[in-house]
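Below: a set of structures, written as structure tokens.
Look for chain A in each of the two complexes below; its partner is chain B in the first and chain C in the second.
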Partner chain A sequence: MEGTAVPGRLTWQVATVTAVTQETPSVRTIGLGVPSWPGHRAGQHLDVRLTAEDGYSAERSYSIASAAGEPVAITVERLADGEVSPYLTEDLQVGDQLEIRGPVGGYFVWETADGGPLLLVGGGSGIVPLRAILRQREHSGSDVPVKLLYSARALSELIYRDELDGYHYGVEITYTLTREQPAGWTGYARRVDRALLAEIAWPAGKDPLAYVCGPTNFVETVAGALVALGYEPGRVKTERFGGTGGR
Partner chain B sequence: MSPISHGFHRRHTVPDGAADRVPPGQYLTDGFPVLSAGPTPHTPLAEWTFSVRRGPLTLKSWTWQEFQELPAETVTVDIHCVTRWSKLDTEWRGVSVDTLLDQVEHDAGYVMAFSDGGYTTDLPLADVTGGKARVAFSYGDAPLKPEHGGPARLLVPHLYFWKSAKWVRGLELMDEDKPGFWETYGYNMYGDPWKEQRYQGD
Partner chain C sequence: MDELDGNEAAGLLQEVFGREMTVAAATCASCGTVAPIGEGRLYTGGPGTVIRCRTCVAVLVVITQVRGRYCVDLMGIRALDMPPGNMAPGGA
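After this line comes the complex of A and B, so read on.
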């Protein structure tokens, strides 16, 4: 697969781990130093390749967690039956090297010129590309109003909690914890469905732009409900994961 | 020279006899992951048609009822998604694209599959004829579920699965290749899993 660079070709390059941040017990953000990164847009992903001592290699795609112009970072959730994610979330250390190529994907992206109002709906680690979008908005000085609905099973599984709570102007964040809630929890405690979206999402009349990312069933439910609520299907962008048992 | 990740090991094993059925960079899954760029369309069967078009002309169109009366066949194939999962021995029932294109006269070299929701993907004619492609409406013993592309999807198992357009509503005949939806966003124009043609230039 490696060889002469073809124009437009995504070539593998060596990245060095510059930072590791434990976000939750099973989720890490990994900062990557990449000498000749071509730049990315919020919402894109990249491919990671790990090579074992015996020569075996495995590749996986991860959403980029940083905004355009920021250093490359990915946020990875450990999957119990995964092959690559356990290594990335438990063994990888600052200074280690791995290979990446990207950025990949150009549909589930947001640029300042895309405007809004923005509805971001994330389930579990589906928050990752949505976080990149929030940072993109912040960095570009955009005043596009945003509503973020973030669903996780428990408080301990919320990723980027402190960062998200630091957003104020024009960003309205709603959390829902579907499995367990701490004492005194004032957020929602239910699965995201049409009724919840009707309550907290932008009305369709505002012509919102929606980004939905999470497990398949979550995305299926949310995207379907938004269309039922009158959202223009072409303005509901989705990214799904899960069910592969292998990332 | 790739840097070595010490402590990283293979965890996924390939069942005996299946090694030559898994393309490079893929792993096997028992599930059936769903990937799509937007909401799942739900077109009523009464409004569904399958059309073969050339430019502005519709050369042939079938209603759902007419489509069901075409000869169908059951096939068992392996499928490979560009996101790296592969699934062996999946069973589908559908109409061969040969059956559809035999009913129109044309000299096209490429087709653009088009779908509800605006999805498109381009394929060489040679890759959807000669028994290589079907319009499938059943998976296993059941009607194809909407999230997997029902009521009908293209099934072109020898290429990465984004070429097997979900919610397919027809084929546009073309003289020259042009990029469809994912191809516009940097994915490969052809998508051969055995050559790992994931992205543009691969």
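After this line comes the complex of A and C, so read on.
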């Protein structure tokens, strides 16, 4: 079963860690070398399976952090009471092996042909699939205009900050820091709600395509507000993660 | 029990159904809401995997595994509308 992947079949295979990047004190990006990777689309997931010596195994699904055609990478946030994330964010090193399968999922996916204008709204590590979408747009030479609204508790918790700040043409990024702001912070310091979205998001008349990813409450609030602002529900794609189980 | 996102069951669903299922639109047998499976509420903490309707919280899908065999209960889904194609893991 763990052998060569059969095309079209989803099988577990052994990936090798090729790079580890510390994004924030509790978040790491893990680059993976996967022998039989069929290619993925921005926003898809992969499953990771860890097996203990006694045979107990735990599986988790992670958003792929890279664009189509780029090497596979996941970005993982350490959860204090997690079964999998502490290992991935603290112990795993370059050269180590991991059991994975994927890519999976097709709902929270953006392809260049899907167009825009794009509204990306991320809370905490919900930025991960949105980053894949941004890279996808960049790599494919798309000129679809993008607005990204990224909410985090503090400046030190913003993931991919340098990379995000490097975007210019057609990408407008707004940060909001909800708990702690550095001295002289001129960005937003409030939770994302309807009023903030009304100020920042594309008007519904532009027929925008929205991707919202973050903690469950965050996603419910944002998706509900966008629909209230006139966004077509079918063009508001959502992905939530729970308190402790998923990541 | 922690509530997760239906998208996180994509791997399991693909293993069971042999194709990408999170984009399939399920009609909830309880409230009639039509939504992609990926929009559902996922629970993995109990025995088996449960996906519930995001609107009314009724159970849509239960998948259990007993001695390597999958048992799939879809009683909570009145209709399932699957987009064509998309058989390969990478999608098409």
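Throughout what follows, the second predicted complex is superposed on the first by the 235 of 247 C-alpha atoms of A that agree within 3 Å, B and C clash if a C-alpha of one lies under 4 Å from a C-alpha of the other, contacts with A are read in each partner's own complex, and residues count from 1 in each chain.
One rule holds in what follows: a residue touches a chain if its C-beta (ideal position, glycine included) is under 8 Å from a C-beta of that chain, and two chains touch if they have at least 3 such contacts.
Keep in mind the model is a prediction, meaning the values are calculated, not measured.
Chemist: With both complexes overlaid on chain A, does A:His40 touch chain B (first), chain C (second), both or neither?
Modeler: Once the two structures are laid over each other on A, A:His40 reaches chain C alone.
Chemist: Is A:Gln97 touching anything from chain B or chain C once the two structures are fitted on A? First, second, both or neither.
Modeler: Only chain B; A:Gln97 stays clear of chain C.
Chemist: Of the partners chain B and chain C, which touch A:Ala52 in the superposed model: first, second, both, neither?
Modeler: Only chain B; A:Ala52 stays clear of chain C.
Chemist: Once the structures are superposed on A, label A:Glu83 by its partner contacts, choosing first (chain B), second (chain C), both or neither.
Modeler: A:Glu83 contacts chain B only, not chain C.
Chemist: Regarding the shared-chain residue A:Phe108, is it in contact with chain B (first), chain C (second), both, or neither?
Modeler: A:Phe108 sits against chain B and chain C alike.
Chemist: Going by the contact rule set out at the top, does A:Ser61 touch chain B (first), chain C (second), both, or neither?
Modeler: both
Chemist: Counting only touches as set out at the top, which of chain B and chain C does A:Leu10 meet: first, second, both, neither?
Modeler: Both partners, chain B and chain C.
Chemist: In the overlaid three-chain picture, which partner chain does A:Arg240 touch, first (chain B) or second (chain C), both, or neither?
Modeler: both
Chemist: Is A:Leu226 contacted by the first partner chain B, the second partner chain C, both or neither?
Modeler: So A:Leu226 only meets chain B here.
Chemist: If I apply the document's touch criterion, which positions on chain A are contacted by chain B in one structure and by chain C in the other?
Modeler: 7-10, 59-61, 104-108, 216, 238-246.
Chemist: For chain A, which residues are in contact with chain B within the complex?
Modeler: That would be residues 1, 6-10, 12, 14, 49-54, 56-61, 82-83, 86-87, 91-92, 96-99, 104-108, 216, 220, 223-224, 226-227, 233-234, 236-246 of chain A.
Chemist: Under the touch definition given earlier, write down the residues of chain B that touch chain A in their complex.
Modeler: It comes out as residues 2-12, 25, 27, 29-41, 83-85, 117-118, 147, 181-182, 184-186, 196, 199-202.
Chemist: Which stretch or stretches of chain C touch chain A in the complex?
Modeler: Answer in residue numbers: 2-5, 7-11, 14-15, 18, 20, 22-23, 36-39, 44-45, 86-91.
Chemist: Report the residues of chain A in contact with chain C in the complex, numbered from low to high.
Modeler: That would be residues 7-10, 38-41, 44-47, 59-61, 101-109, 216, 238-246 of chain A.
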